[in-house]
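Shown next, in structure tokens, is the structure this report addresses.
Chain naming follows the written order as A, B and C, and within any one chain the residues start at number 1.
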Amino acid sequence: MSKTTKKIEANLKKRYAKEKRFRAYGVVSLLISFAFLAVLLVTIFSKGLPAFQQTYIKLDIELNEKILGINKDSDEDALFSASYSKVVKNSLKEMFPGIKGRKQKRALKNLVSKSAAYDLRDKVLEKPTLLGTTQSYWFLAKDDVDVFMKGNIDRTLPESDRRIKDYQLAWIDKLMDEGRLEKRFNTVLFTEGDSREPEQAGMRGAIVGSLLTMLVTILLSFPIGVATAAYLEEFAPQNNRWVDLIEININNLAAVPSIVFGLLGLAVYINIFGVPRSTPLLGGLVLTLMTLPTIIIASRAAIKSVPPSIKEAAIGLGASRMQVLFQHTLPLAMPGILTGTIIGMAQALGETAPLLMIGMVAFVSDIPTGIFDPSTVMPVQIYLWSDSPERAFTERTSAAIMILLGFLVLMNVIAIVLRKKFEKKW
Amino acid sequence: MSVQTILITLFALLIFSFFIGRKRSIAVSTPVGKTGGRRNLHSRPHYYGYMVAIWAGIPALLILALWTSFNSSIISSLTVSGLSDSLQSQSKDAIGLMMNEVKNLAESGNIAAESDPVLRNAASHYQRLQGISTLAKTVIVLVVSLLGMLIGWRLISPKMRARNKVETVVRWAMILCSSIAILATVGIVFSVLFESVHFFKAVPPSDFLFGTTWSPQTALREDQVGSSGSFGAIPLFVGTLLISAIALIIAVPLGLMSAIYLSEYAGKRFRSVAKPVLEILAGIPTVVYGFFAALTVAPFIRHWGEAIGLSVASESALAAGLVMGIMIIPFVSSLSDDVLSAVPQSMRDASYGMGATKSETIRQVIIPAALPGIVGGVLLAASRAIGETMIVVMAAGLSAKLTINPLEAVTTVTVQIVTILTGDQEFDSPKTLAAFALALGLFVITLLLNYVALHIIRKYREQYE
Amino acid sequence: MTELKPDIEKRSEFDIEINGTVGKPFVDNPKMSSRNCDVFYGDKQAIFDVNLDIANNEIIAMIGPSGCGKSTYLRVLNRMNDTIPICKVTGEHTLDGEDIYGKKQDPVLLRARVGMVFQKPNPFPKSIYDNVAYGARLHGLASNRSELDDVVESSLIKAGLFKEVKDDLNKPGTGLSGGQQQRLCIARAIAVDPEVILMDEPTSALDPIATALIEELMDELKENYTIAIVTHSMQQAARVSQRTAYFHLGKLVEVNETDKVFTNPEHQLTENYITGRFG
């Protein structure tokens, strides 16, 4: 064995130890990334899952005609504006007699959500003959009760440290003993718009708002993006200043921080063109500019991957370049284009910052019905709820995130399936 | 008619135009008493249909778009000019406020309920103008469309090169679409520059660029005691850099090492699972990261910091930077992956052929060779971190403190833009305008970073091509 | 009725059978040797049952049409194929009687002992000095700077490059001309003092003058090293080597003294190849 070999052998052990260490750094880096992802998802899901359940309280309501000041023959206006909250309050008072002091009285009233009165009104409007009878109904419980029922308030803490006082605890215990408290699937989350009261707040407005905004975005960005990509790939002259300028600007758009697009919306769309604030139309216009680069880049790649032989064959048969584009190139490139579009839409669906700038952050409790109605979108709703101090909103924020992630997963799965299904090797 | 109704009517007209165009082309090309005239046509019949539809659609749509875009600003200024001179001489803000009231009143449909006669008059004036405008718009758009249809219809003859005409229009439409990217950039530059110039009229640029105090509260009334606001942006930029630096310190090593492990060590099956999982981090909306940072990470850091005797702000820069770092890990790793795989196989072969181990090859050959590309990628990541908004809005502080201690709360450029523009806005006040000046700074910095980064990466790729 | 085969097919090289290797594949006291070597890329077999010895201090040339497996075989000898995940090598291979693919064998040490020069000059994007010093630094061959300087200088001298670059040692190696780059790669390879140097078409990317320089260099190097060279050029094989191995479709057809191969080949295929009927 030569001298050199001996020297090398002497160092080998150290070098292999280094090799192992380096490899370990790689594994650890990946593990850290995965761990973060896991912690993030577990935190959100564990916080958000309980929000899909909601506490309801069963009350025996005496629909006293005298207190309500109406009877079954009253006209609809009277039925509509009667003070139903009073009978709800009375029902509670009857169940827990001898409550003294304004604080306790208010606490008692706050066992049930304010929506109880509206529910009751709707029931009476539907069937006025109920007046004068006593009925048992399930009403939404107030958020504090809900939070307590989900085990998020520790009753062993000293009274001064908890949101629910001893007397309230006694009421809740009694209600539980009588089987008047129940957790059910939270339909409010999907059927209602935003509300200041956590127990009445739902995602419907934000979901509809997001869908409308996405509709505007896709209707604008898809044709514009595909037309741009097709032009740049198939028609644009080489070394043309205008074409170079277009390419540079597409890259710029991809690089600009999203919040700047919000300022563009504010200064140009709102102040110059008078696009109404807070609307899906405006949101869609802003997001269109943000998704365009994604769609253009994906479409260009898809168009480029169509083999020239197919195009040449069609041109050889006497087709014009435009006919080749619409009859051969675009149909063949469509799976790739659609995949890119869906990914762009998924980005747009999660985008928040620019929409804050154009007023979509306003509190909107109505469900939008068109692209000209003020509305919010899912990520902004998440932002708004995360800012609310109530404990119950934290839970709802996490649930809202789960719903948003659900939409994103769905879109990405569609994109992956599309890619797998139409993947072609030429 | 509302815009939507006009659009639907127009659409119906277009379909109608297409069919009459197609039909006429066949009719004009068929000699009397014979059939099958299509052969005499220059183009296939549907191209004549498209041509008529284009004539009916494009001029009308153009008018509609222009009209709708400028409708509200023109009507507003007309309403303002209908006001008495004394009212017109008010400040811009006051007029703006008043016009808002007028608009709301006009749209509420219940003008009579308003007690102020000036507002009542203005609102009814506004409403009248709006009515005239809508009616004129409807009539003009539809008439232009019908006229276009007629012209297109009369143009049809067997020799007309309909296909070429249609294709020319489509081509121009494509050029127009691709020019939107330019328009958008112009729009961005215009919107931030224009307002920034206003801002720099009130606040000297040197104060903005080199001032070390940021407190944008200006006096609401002239006689109010208190500060006139100071607009030194240094603390904001330092805060932004601090958080971005923390993010990069976390993301660059983790992202780079992940990329190295995945591309050089991992088996095919592990890679096919691990890569998409890493990509999930990139797909999570930033608002979710913001929520995670504020709800989980910040209290966690605070808790542990205090456990070892450090004072940690509840909105520490560390929490925001950490979470931002996680967010850009996949960004760094996919960029590094591209860059590393651009290093030619012959380099690896040369190193392995000398008896280098994998890690020696990576550290001493591949990384140095890929360094320019990696630097470019890091710059891109930095630009991403600097422009990131939601995480810092939700997890970083509001008060502009000039510090580089990661345990303290700092604020960033994007946070201030959001805070200023989502709060109650005083129109044209330096405070509102400051947001645009900040955005200008942000725009310039990110664009420069991107430009430099892409330049480096391109040079790097050319080297191995 | 018997089917008539067209004449042209009879003459096709595919019809000539290869039954083992003809000539003299084995030597006494070999430096390296292979027995029953098969190489697979996934399901595809690239090398079929190659048996060959390489003698001490000889230059052996491996020739054959492209795709015949000569480069693949060369890469077997220093386990470079390990870096390709789908590649599988079987058979017995030894260096000085030690099993190359054995459990005890360390690929790092093996590659230090069996160096390699590649088809395309592939200097690292580092200075000339750092390129040559790379291996010595890796393996810890020099304990201080002056030792390292000596290693670099002597390697560059051996590679015949020192005169040209002695003032530019800190300039990037990628700035040299193609021929200089290849000599730099040779200097880099001999800096770790290998016993065998494998050369994979080292001059195919170079002009004739640079090629001549490298061939001269090989002649000098064979005093101290054993060299196996894969080449596309029969003239080169004839010029530099003592023995020549002819590969065809993954099989080793013939091994003989170079003179014999080029003047009086034993196998029909070898003859067809050297007379230029195909390849």
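The criterion applied here is as follows: a residue touches a chain if its C-beta (ideal position, glycine included) is under 8 Å from a C-beta of that chain, and two chains touch if they have at least 3 such contacts.
None of these values were measured; they are calculated from a predicted model.
Which two chains touch most often is answered by the contact tally, and the pair is A-B.
Nearest to the global CA centroid, when each chain is reduced to the mean of its CA atoms, is chain B.
Rounded to whole angstrom, the centroid-to-centroid distance between subunit B and subunit C, based on C-alpha atoms, equals 58 Å.
Between the CA-based centres of subunit A and subunit B the separation comes to 20 Å, rounded to the whole angstrom.
Our note on geometry: subunit A versus subunit C, Cα centroid distance of 63 Å, whole angstroms. Multi-chain contact residues of subunit B (touching two or more other chains) are listed as 355, 357, 360.
For subunit A, the set of residues that touch two or more other chains comprises 8, 15. Counting only residues that touch two or more partner chains, subunit C has 108-109, 112, 138-139, 192. By the touch rule above, subunit B contacts subunit C in their complex via residues 267-268, 344, 346-357, 360, 364-365, 368-369. For subunit B in complex with subunit A, the residues that touch the partner chain are 69-73, 163, 167, 170-171, 173-175, 177-182, 184-185, 187-188, 190-192, 194-195, 253-258, 260-262, 265, 274, 277-278, 280-281, 283-292, 294-296, 326, 329-330, 355, 357-360, 362-363, 383, 386-390, 393-394, 414, 417-418, 421-422, 435-436, 439, 442-443, 446-447, 450, 454. Across the complex, subunit C meets subunit A through its residues 106, 108-109, 112-113, 138-141, 192-193, 195. Taken in their complex, subunit A has these residues touching subunit B: 8, 15-16, 18-19, 21-23, 25-30, 32-34, 36-37, 39-40, 43-44, 47, 223-224, 227-228, 230-232, 235-236, 242, 245-246, 249-253, 255-264, 266-268, 272-274, 289, 292-293, 296, 320, 322, 346, 349-353, 356-357, 361, 379-380, 382-383, 386, 394, 397-398, 401, 404-405, 408, 412. Only residues 2, 4-5, 7-12, 15 of subunit A touch subunit C when the two sit together in their complex.
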